[in-house]
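Paired with chain B in one complex and with chain C in the other, chain A is shared by the two complexes that follow.
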Partner chain A sequence: METPANRSRISLNPLRPLLRNPVALKELRGRMRGPRAFVVLTCYLIVVGGFTTLLYIAGTAATYNTTGEVDGGTLGRVLFGSVVAIELFLVTFITPAFTAGSISGEHESQTYDLLRTTLLPERQLVFGKLFSALAYVFLLLLAAIPLQSIAFLFGGVDVEEIVISLLVLLATAIFLGNIGVYYSAMTHRTLRANIMTYVTILAVILVTTAGAVIALAIVEGLDPSTSSSGSEWVLLVARGIFVCLNPLTTLLSTQQYLVNQQTLFTFKYTFTDGTTTTLPSPWIAFTIFYLLLSVAVFFATTRHLKRIEG
Partner chain B sequence: MATPVIETEGLTKIFGRLRNPKLAVDHIHFRVEPGQVYGFLGPNGAGKSTTIRMMLNLMHASDGKALIFGEDPRQKPEILFRVGSLVEGATFYPYLRGWDNLKVVGNSRGGFDATRAKQLLQFVGLVGSERVRVKAYSTGMKQRLGIAAALLNNPDLVILDEPTNGMDPAGIREMRQFIRDLAYKYGKTVFLTSHLLSEVQQTSDRVAIINKGKIVVEGLIEELLNQEEQLEAEVGSIEKAKTALQERWQVAASTVPNEHNKLRIKASRNDTPSIVRRLVEQNVDVFSIAPVRQSLEDYFLEVIGDDFVQPNSSPLSIGGTPHA
Partner chain C sequence: MSIDNPEIMETPTGEAVAEAPSLTEVLPELPTVMDEQDLIIETRNLSKRYGRLQAISNLNLQVPRGAIYGFVGPNGAGKTSTMRILTTLMKPSGGEAYISGYSVVTAPREVRRSIGYMPDFFGVYEDMKVWEYLDFFAACYEIPEAQRPGLINDLLELVDLAHRRDDMVDKLSRGMKQRLCLARTLAHDPQVLILDEPASGLDPRARIEIRELLIELAKMGKTIFFSSHILADVNEICTHIGIIEAGQMVAQGPIKTMRQQLMPHRVLVITLLGRLDEAKEALLHVEGILGIVDLPPEDGKIRIKVEFTGEDLRMSEMLQALTSKGIPVVNFAEESSDLEAVFMKATKGIVS
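This part shows the complex of A and B:
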């Protein structure tokens, strides 16, 4: 006889644990109610689609080759890169907006005590909030894949590049979502949580971009006769760190290595003295680093929520 | 001796320790025995909700402890699975239906029992409204849903913080019945805070009156209110009556608003003929005289003094209960 216990054992639905999270269920219902979710999705696709159209028009004019024909490969790469950049920009600004009010909003609507008195574990609360917000961001990213795929019509872009871009965008969204939930747990005011989240994100973007540009300029300006391989290693690592901390520079350098060296997971670096070394591709370092950081922020958030009001 | 359901030992809360510290709860001690309906009374800001928040581990105690079923929830939070609570008003997710709100609460507690939820909706009189979004609920309906949510896990202790807040007289009467049923029909222990004193008087077995963070008085209602007999007289002139009687008896004007020609006399029922004779001799018109049982409100006002401001006066919350 089938009992609730063995029914749950034989269930093959991998989403079952997620859908049993009461907070995730409630949030998903709340998020998808009314026209708001569909309006945001439509506006997002209009913005990405509009930019893609403009880029196509501008790109066809700019990528004529010597025979007077459009250079399909270059146009495809430009279109693909631009769509990903726009998606990255939108994800950077949309994700915190969904998560920064997640827990502070419970305080503001005075429902936080309702959840706390049920003895709901903190990790379930944080996971539910994060999952529901990220599920929507993932929906936005998936919805834009057809626009990314337009690049296939012109060539110059592989399926691997789309997968890598999606991974980097997902890792970015997961990290930014975690930052939003963390600040939301730190304060009872959504406005304050939003400000703290965006300031942190802006600081990360500015510092990593500036660091990558400076390190690159120094590496480019190295004089082979005077520089030692030791100092070049230090600069290479510093540049690598800054590049891999920023999603845009990560994507740009990954694409550069893919085009120049045709390698997906590693790239070769040639020192000024002629020796070479093999290093992991920036997207791998970026994804691993931000996923690990996300886990750390997740646990910091649950730890903070465990603290009882003073 | 059975383990008390709630026992506080020097429970204290100080807000703002460094700058301008405010003593919200001051070393309070009380015990709630199994099966009791315990009223926790006090004016606004007296420390009632702070005490409940500390009991439910929603707030740190600055000193002392609150034991629930003999366990400290700070060390053993799972003891709170035996507690159902309605804290500082019933707040729910307005965009979800009543039924879905119950599901959120049930699942957050580890599992939603639809059969029990249906029984509870029947118990609180919300059958038919469970498919309506909570934003369309009246305050009374939300409070009733709050009670249903508090009872979902079949708790042994039910903590209700101002359960009649914002309810109309009919709703208050229903709530009184719910509370009575919880204790006397279903054997739950109920810890109740309210500023509607007549409600507490009619539902509770034992009360504690808290003022400025301190428990001023604590005991069985019957014992607190039956300490002395009183008579209430309706007379033509309060001043003349006072002058006529105060040689022999202690007299005071009634504390009931809009009853300016009534006075309370600390005397037994057997003194009635003497009092009437005395008033007639002194040419004071007597319209009625009857023994009265001191109401909890009278007692509360006597204990709290001028600190109490009735925040939500309703016909049910004021007035003594004369016994003919």
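This part shows the complex of A and C:
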């Protein structure tokens, strides 16, 4: 049995310093207590596993090649891509649900004022809430790695792709978590914080997808005889921005460059006039951008909480 | 301590206190404030305005170190606003507020270190165990992990919840939750406790338990600043009171001084078996009597209320005047000028 005495023993757990954060410790204790955490994890794995099975059945039927054999590489990539897409979808919905109630919930349980009169720094409050929510999301992502790895049985997928997909998913979760905590700090109602978080996420998804599609359509419609490389640069960067703001398009184009050009960190772009240029792969831009944005949102949240009611 | 009928405590008339003397017995043990000038909480012309509403205006609060200070006033008088400013949760619109010499505006961290705050709601996490709740707040007060288990046990012992250490917080009764909250405010051993309506919503037994706990804490050297609209609570445990109405302090000081200032005359209730007119006639010859009022009879016995000024000697003279004539006196007792009267006199009912 856990007693306070043996809890204070020196531990080799690398997460130990993080658990010094009282909020993180309290939230994790609360989250992992009772059946809820295990039910959510089980449901998540059933959903991801169920879809993978369906895709496997559908995929084996659809990927027979001309010699009548299953094209393992294609099937592997389809399965892998689908699992990542489902994970992305679930992370997008689960992360806000875990974070949008974090600060507003303290108002609702009337404990916010108590926390504010303690010596707990605002940044520790925000970090503790974020860490505990994200730790659980990370657990979900890690738990699905075996499902992603089924693709290895068929080939066509490398370990690098799994690492990159995990990085993009983590960056997505970190950003969404920060957005959730931000709105949770801005409003005292969890419901309102949830709505605001989901609306923001939906707006980001719609705008970036639409932008990427439009920019792509314009690029493909370019007439090599009339376009200058200058205007093509503008379009390229514009499309790049939209692609790199959306995790789904980021993953798709990263995989496309990986398959077509066999490069992980960069890709070559050929202009309509025949010249080429080398650019960083979308996942790098995506991860850096959203991690920086997350840091900015984190500080905005902390700043807001530091304000004393006037 | 056993109190068979705690409700009696709510009406501190002479008779009721005589029947349930337990709390008044505790009173003489109350710590005496050593230095009235050594202020641990002080506000100077404190003001708070919400839009057009002036919640607090030019409030000068003076709480000496070691006092049990009852902050009394009708609902909406500005008690909670004052407390939120003192606990650094809200900025004042004007004036200054100091706790242990630290300004609540410029040194909020030092102020937070010296205060324990209990709002007028529980503020408990339902999905936690009792010891986890205290452990969490102790950690928030930067108490090292190694010291916390011992501290938690001590705190639970103090508020008599040691046997509920591993229970979930939401299984506790209201009174137990309130005691747990009080234990929380003590986690970092603050000098000052700021308690907003600590007894509201509790049943009589729980209310008495909280009162006893406050007296215990005062003996430990804590200054206790609490708000209440229940005058009986204030009357029984406070060394000092401040009466606030419509955002202004109408009266403030040691409770004894307040009683004397606001209720300079004393009241005596005499119960007789008969010969009322003779009794009145006899009493009128005693010096210092201001008036005699007939009270409704109780169990067929005649009762009169005598208002007088002066020392105890006057009472002795009155009793002698009655007995020397052979008037059948069955009860002769001074009615302690209860705070309700002081309060009514001080506030004049501007708000309520």
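Quick notes on this one:
We take it that the second predicted complex is superposed on the first by the 296 of 310 C-alpha atoms of A that agree within 3 Å, B and C clash if a C-alpha of one lies under 4 Å from a C-alpha of the other, contacts with A are read in each partner's own complex, and residues count from 1 in each chain.
Following the convention adopted for this analysis, a contact is a pair of C-beta atoms (placed from the backbone, for glycine too) under 8 Å apart; a residue touches a chain by one contact, two chains touch by 3 or more.
Predicted model, so just to flag it, every value in this text is computed and none were measured.
Placing chain B and chain C on a common chain A by superposition gives a clash between them. Looking at the shared chain after the overlay, A:L25 reaches both chain B and chain C. When the shared chain is aligned, no partner comes close enough to touch A:T276: not chain B, not chain C.
By the touch criterion stated above, A:I308 is placed in contact with chain B and with chain C alike. In the superposed pair of complexes, A:L115 makes contact with chain B and with chain C alike.
Once the two complexes are laid over each other on the shared chain, residue contacts for A:Q262 go to neither chain B nor chain C.
Under the contact criterion defined above, the residues of chain A that touch both chain B in one complex and chain C in the other are 20, 22, 25-26, 29-30, 33, 109-111, 113-120, 308-310. The touching residues of chain A, counted against chain C in their complex, run 3-5, 7-8, 20, 22, 25-26, 29-30, 33-34, 109-111, 113-120, 308-310. Chain contact summary for the complex, chain B toward chain A: residues 53, 56-60, 74, 77-78, 80-81, 85, 87-89, 91-93, 95-96, 100, 103-105, 107-109, 149. Residues 84, 87-91, 108-109, 112-113, 115, 117, 119, 121-128, 131-132, 135-137, 139-142, 145-146, 148-149, 152, 184, 188 of chain C touch chain A in their complex.
Touching chain B in their complex are the following residues of chain A: 20, 22-23, 25-26, 29-30, 33, 109-111, 113-120, 124, 308-310.
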